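Notes follow the structure.
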């Protein structure tokens, strides 16, 4: 039934592509798209395949059970997704609403292949809009004292509605390592600057003072060191001396929307693989 | 009190800048920003000034009444706006919601210096979201027979809530000349293609068949010939053979949002002047 | 020895990837990179592989002779290139020198994986620079009467120095079908505009009159209808009312250089496949 | 007579524009273009004017002598340039030739409004090409011991041929403060990275290790701290995991060419003003 996406990585050696492709053809699968990458620094092979499963006996489950042996021979890590599956999304947001509105809008018109399940916020402001888009909203105020309890509560809610990907849509609270570890490579953050330049706070002020001619935004997976996780996507826009800090902030918002949405989509389409401090983002 | 924007055009001759600036200084105004353009093809001078009126006796009205004589001497067309004024916006939309959501979101977070007053649609779908954003919604279905009456009704509603700028947010009905003439250079349309290439219907299909490597979107003022009005803004994104028509359509939506919002903002900031078939968009 | 690039296209069916990969692994080749595309419109499969041949008996020739049978079974068109081979380039140029200088410079510093063999021009102006870069130069003036003879002479020179790719670096003479047919999909032209907009002459004048906010350039294979061949690459740059036609022309030159160089490089790296009126350009 | 460019900066107060414009009109000059900027951080006013001097008695000199009194009243710094003047350029280059070739090519076809007078290099390699473009070449090898003498020699040569702007076209020797001070805000350097990210050596290696998705180049005025001078222009290009360091380096070269040429042109057109650590680049 339908088609599947296979993500695979293993030590490079002669015949990997043949072995995988031969298995697929053997069970009657057809490779609709394929892309691969050989990482020179660690001699590791990465592959993403879109496979038509129409003619495969047992469908996805049948395919997977037979593939286990192939993967063992190749010493491969792999995962398999049904193309039509829609991962559950949870959005964390504070006061600034632009990324929240943007994701809700894109999702509602069908442009994000996931399912927005819940919006969590340390402010009550966005309840009405979330609900107009048909999404549950929880207000979870955070103080230094209540942070651990509230994070526990957040993890419960996210688990309770089957969230697989957490999107930090300008969420201004620093997450504890406990929270981050609960979603390894499954929390996407938007940094309102071109990393690694202007790390930390008030990057648009820094950019203005330095007189840069280009500003950027960076979407990356959250890691213990918040601004240092693997970069998924970046983009820039041209600025000039005529732009006050407030203009940079406003123009940054559009950039943040587009970059975050691009990264979320790439993740949902199973096109992102993390390797060390970097990502491979298949086209 | 506060500041004003003066848009001016007149036949070019020695001393125009001096005459205008001398008047401004004479009444105690300070020029915060100024930009001008000399159109070689018709020897016409265009200027946009942001003027601090703090010290001007009589404020905006006082400034304007004195300026009349200057304008007469220069044979100038001119208009004067309070910087803090927020023009009323009316949005016309059909089924596709991306531009509607995008404008509502930007407006709500304060990124558009106007006031969205009303959403009119020939479909009922967008009522809930419009209202969650605090905007009136009218469902005005259109058939070939009812178009004239419905347009009359639309004009009444737009007038009734003080709309000064009409935004066609993927409104799929062709407007009659009567409607277009009611808002001269005050209807902004988004064309889902890079004009003048791929005019008319299904531009993404045309682009795909031709194998272009870049797609674009164009925001322009509506004119009698719908796709031929003065262009306000354009932008593009890179595409490849991997993009199916549906990918082009989806990627086009993001482009359409950004290009339309850019054009609407430029208009609301009084930075666009139409001259002949072209625009001057001050920076 | 070294590595090879295999370009392949055939009707799509289950097992194509497996069959090709199994052959490669069987002869001891290792697939360093691979990219494939399934054209939905005609159910045709396209693939580009970079193969390490170190361990293949008989090297490239051995690989090729064994592959013939695989290709026959798949009903495939294919070609095989040694990665280190450098195709011979011939440049045709008229008075405007920017593309000529740009290609010579890029080639001399090692940025183009080809070998510039000869420059042919209907003007004598560029002899000194060509020679300083170590390239032969022939002045072949063209009149309506002499065009057939001169084209014959050009074809002789190009053949004589082993030219495989002809670059029209702003060559202002229209080539006859005879000449174009001598280099099928091996003549790259740069069109100083975003095709299909502003076809034909003086595109920057047309763009200026229409008040467009973006200008572009298009590199494409030459075909009988000169501006209608398959597009290889396009790019754009933002312009405004401040740009006179002469500014558009100047800014277009930079665009033309970059777009033409990009297309020539893609061709030389065997990343371009023509299918119908379109190209597939592997990444 | 032709036209002139006036660059002016002074403390902001009511009437500056009027005073300048009134003087210009009074002597019969016509303002063809004007752009101004008010720097909020230090309340300073900056203006660039293109003035038609056809009807001005005494031409440029007449204009200047009368303007002195206006400038004194405004407490202004100012400079005045004939539009047709072509500043002398000196290019410093080491082994890597791409920026050298690019500037020579652009200059020769008339795309840079300056006059390349001399090429100085610590390597002998580029003599032939420089001469084919009609430019003097001096080979000045540098060792730690000979650097002071060679810099003295370089300053003599540059002075001897009337060089007003020094372009560091990938010149890999660090200049002493003595040299830098001899050309205040008149040495343009190209930094092969997006400042302030990846300062210092091997920025493309750093970018690759960090897995960034965008690389950039920065043209700036040289200052004592080499990578910290005022930024004139920046641009970026998109990269991916498929780009090896050598690809980043190659793609960086095209970026460096375009960014450096853009900055040199802006300087030569008198569009750049340095204020503190930043620049104003008029459009």
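Order of writing sets the labels: A, B, C and D. Residues in every chain begin at 1.
Operating definition for what follows: contacts are C-beta pairs under 8 Å (C-beta built on N, C-alpha and C of every residue); 3 or more make two chains touch, one makes a residue touch a chain.
No experiment lies behind these values; they were computed from the predicted model shown.
Participant: Select the chain at the greatest separation from chain B, using centres from the mean of Cα atoms.
Facilitator: Result for max centroid distance from chain B is chain C.
Participant: Give the chain pair, either A-D or A-C, that is connected by more C-beta contacts.
Facilitator: If we tally the contacting C-beta pairs, A-D comes out ahead.
Participant: For chain A versus chain C, what separation do you get between their C-alpha means, in angstrom?
Facilitator: 37
Participant: Where the CA atoms of chain A average out and where those of chain D average out, how many Å apart are those spots?
Facilitator: 42
Participant: Can you list every residue of chain D that touches 2 or more other chains, as numbers and ranges?
Facilitator: Within chain D, residues 33, 37, 240, 242, 283 contact more than one other chain.
Participant: In the complex formed with chain C, which residues of chain B make contact?
Facilitator: 37, 39-40, 194-198, 209-214, 216, 230-236, 240-242, 244, 277-281, 283
Participant: In their shared complex, at which residues does chain C touch chain A?
Facilitator: 12-19, 21-22, 24-26, 28-38, 55, 283
Participant: Which stretch or stretches of chain A touch chain B in the complex?
Facilitator: Per the touch definition, chain A meets chain B at residues 33, 96-98, 101-102, 104-106, 108-109, 111, 128-129, 131-133, 240, 242, 250, 253-254, 258, 261, 283.
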